[in-house]
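This is the structure I have questions about; it appears just below.
Naming follows writing order (A, B, C and D), and every chain is counted from residue 1.
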Amino acid sequence: MNRREALKTTGGSTVMALLVSAGLIKPTDVFAQATDWNKNAFDTKNLNDTVKALGGTTATLSKDIVFSSAPDIAENGARVPIAIVSNIPKTDSISILVEKNPNSLAATFFIPSGTEAFASTTVKMGQTSNVYAVVSADGKFYYATKEIKVTLGGCGG
Amino acid sequence: MADPMKIRARLQGDKTQVIVSMSHEMETGQRKDAAGKTVPAWFIQNVKATHNGKVVFSAQFGPAVAKNPNIGFRVNGAKVGDKIIMNWVDNRGDNRTDEITVTPA
Amino acid sequence: MKNNLTSIRLMSLLLSLIAVPAIALADTKVDVATEVMTKSFKERGQAKLDRLNQDKAMASCTEYANKPMPAKIAASITAENFAAIPFPKDAKYLGDWKAGERIAQSGVGKQFSDNPANPNGGNCYACHQLSPLELAYGTIGASLYQFGKNRGYSAEIAKYAYGKIYNSQAYLACSNMPRFGHNQILTEAQIKDLVALLMDPESPVNK
Amino acid sequence: MKGSHIVQYLGLWIIGLFAAATIASASAADKVEKKSTNAKPPAASAKTTDPTIREIEKYREMLAEGNPADLWEARGEDLWKQKRGPNKVSLEQCDLGQGAGVVKGVYATLPKYFADTDKVEDLETRLVTCMVMLQGFSYDQAKKAPFGSADNRSNMEALVAYVTANSRGLKMNVALTHPKEKEAFAIGKKMFFHRSGSHDFSCATCHAQDNIRIRLQDLPNLTKQEPAQRAYTSWPAYRVSQGELRSFQWRLFDCFRQQRFPELDFTSQGSVALTTYLARNANGGVLLAPTIKR
């Protein structure tokens, strides 16, 4: 997955660089076009389907994936900080899924070799839900899960 | 024109800890406005970090990433004074590129 | 004796002169403050400027916010407010606890940002613990968990709960609780639903 | 805790038995309820024992690590230095109380009396003054977008973020020496305790007791120094629920909305007076703003 991604990017960049030097497009357009987005994965509604859309068949539960930072209770579902460390060798991507959101997949992070198997971000959670960290490493998929409760703070109006 | 990102890149031991704040609505496409009309989805789809011409971290976001999101990652092999270039592109094709110099922790 | 009194009066006059800045601020600014406050708000939506006006009870509660209220004034507040409660003629106080739970959860109503055509909430959980299923409860008011179970499911307690929600000032002068019926926040039917939430043996509050 | 519950149950049994709804006994019931409220601090203040509260505290710490307030600070700094308005000048000559152009540390001393306007002004009011006097905006233009939203961004909130960030780490030091400053404090205090509206609320309803919370949100007792310091020094803040950086003027505006009052007029004399009361109560507290809140 990662290698394919890297190859695609490299190839794309070369073409783009030529176009830029030929004055056909502005440098800022390069980034805009040399990317792709896995629409199928972002349309899925559960762990299994997401794993399939990410290129796997099934994911196994792993103790080597750690929620290094993630609250048990979030005071506001609009911003839930989540950080994940994978201790699985050759980790090349980390995805964050929120089971009860309209679509499960929130984000996928691609980890080239030389970069730590770590990612953090902030996600939205519509309600209390299981959150999954899905890791792909050497062609296999693994996951860990954690329940995060979403509560209501403040005056309620 | 999108607002600049706020990027911090600090060398801690042999790892550079990068934290990026991005200014973006991250509209889900599920919300209705006051008139009851669905507000169309508008969100960052791709984020990329480059160091010495090499992509060192990239991400695909769905609309469930929070408004004004941040991401964090750790790069090996960067030195103080090196540049890290961040770029994002949203589903409307709007994009933003900013760079930061790695500083000591 | 008389001399003494005079000298005391003189002394206190002198003292009050010395202390003028502070005392003057505390007393004479009352009207200036009201005037400034009135000028500092503008009506918006359903929240008109009359929201700043006080009835007798609220004027007294404001006046005595930082000092003990004389028992007589407290008694007159509770008496006058109690007399103003129209208890339901049918002496039935319990509505539907499920509807009550929704009212207890809802924090909308009467804000300038609220549509007055929509029903108002009671926002009970903002201040009280009720159903054990709701973790996000406030502690401004007492816990009402097992309200009926502990007090007994009697008509007297139901009537008390109804009256307390309708007009809290009838039971405790300057209680922090809104007068939900008296100030037309909730309807009689809504208050009965809340009484059911507190008093129905099937309500999660009593589980 | 258990003991107080028993007292409470007994009290209510007595009412049940002795009927009731006489005012006297009902008011006794209230006293009992009140007592149990007072006996509550263990649950409410229990940052160490109540697992829910402990977890919420952790959530708040995690949030603070990537605070989008930075984005507002950066935009505010640009706005401060940009030549704007009919006069095409920047705000770099704006006097926020420590001399023209001084940004560092000014927020710790506001609100204060300004001789040129003969008024007590808080930060937002003073920024409006500078936009009018220096940049040549009309008052209406300067006050046009006090609070931002997704499709209507507020320059004011960005400027507020920039200026307040330049007082981070400093102690609140509101002087209250000029008679008009003293007057503002007294008026603000009066407003704080004024109970009215559909819900009989005042600021004091929620903010004059120790160790209470609304839903899961701790309510600082703003009449006491330590909690007043903690509260005041945490504003402005990025509000997650709004997705916006919010100024202290917004904090008051939205409190009054939820208090069921009419709209507090942006930079009105009353808003500055109330800010003066609260800022002075927080004197000595170390400014942490802009922070991030739920």
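As a working rule, a residue touches a chain if its C-beta (ideal position, glycine included) is under 8 Å from a C-beta of that chain, and two chains touch if they have at least 3 such contacts.
This is a predicted model, so every value here is computed, not measured.
**Q** Check every other chain and keep only those touching both subunit B and subunit C; list them.
**A** A chain counts here if it touches both subunit B and subunit C, which gives A, D.
**Q** With centres defined by CA atoms only, which chain is the most remote from subunit B?
**A** C
**Q** Please tell me the distance, in whole Å, between the geometric centres of subunit C and subunit D computed from their C-alpha atoms.
**A** Those two chain centres are 23 Å apart.
**Q** As a quick test, compute the distance in whole Å between the mean CA positions of subunit B and subunit D.
**A** That pair's centroid distance is 31 Å.
**Q** So what's the Cα centroid distance for subunit A and subunit B, whole Å?
**A** Once rounded, the distance between the two centres reads 13 Å.
**Q** What is the distance in Å between the mean C-alpha positions of subunit A and subunit D?
**A** 37
**Q** Name the residues of subunit D that each touch 2 or more other chains.
**A** Within subunit D, the residues that touch at least two other chains are 52, 65-66, 214-217, 240, 243, 257-258.
**Q** Can you list the residues of subunit C that touch 2 or more other chains?
**A** Those would be 111, 113, 125-126, 135-136.
**Q** So which bits of subunit A are touching at least two other chains?
**A** Within subunit A, the residues that touch at least two other chains are 73, 78-80, 120, 122, 151-153, 155-157.
**Q** Enumerate the contact residues on subunit A facing subunit B in the complex.
**A** Its residues touching subunit B are 5-6, 9, 28, 31-32, 35-38, 41-42, 78-80, 83, 98, 101-103, 105-112, 114-116, 118-124.
**Q** Using the touch definition from the top, list the residues of subunit D that touch subunit C in their complex.
**A** Residues 5, 8-9, 12-13, 15-16, 19-21, 23, 26-27, 29-31, 33-34, 36-37, 40, 43-44, 52, 182-183, 186-187, 190-191, 193-202, 204-206, 208-209, 211-217, 219, 256-258, 260-265, 268-271, 273 of subunit D touch subunit C in their complex.
**Q** For the complex, give me every residue of subunit C touching subunit D.
**A** Subunit C reaches subunit D through residues 21, 25-26, 29-30, 32-34, 36-37, 39-44, 47-49, 51-54, 58, 61-62, 65-66, 78-79, 82, 110-113, 125-127, 135-143, 150-152, 154, 156-157, 159-160, 163-164, 169-172, 175-176, 178-179, 183-185.
**Q** Show which residues of subunit A lie in contact with subunit D when the two form their complex.
**A** 69-76, 78-81, 120, 122, 151-157
**Q** Would you mind writing out the residues of subunit A in touch with subunit C in their complex?
**A** Touching subunit C: residues 73, 149, 151-153, 155-157 of subunit A.
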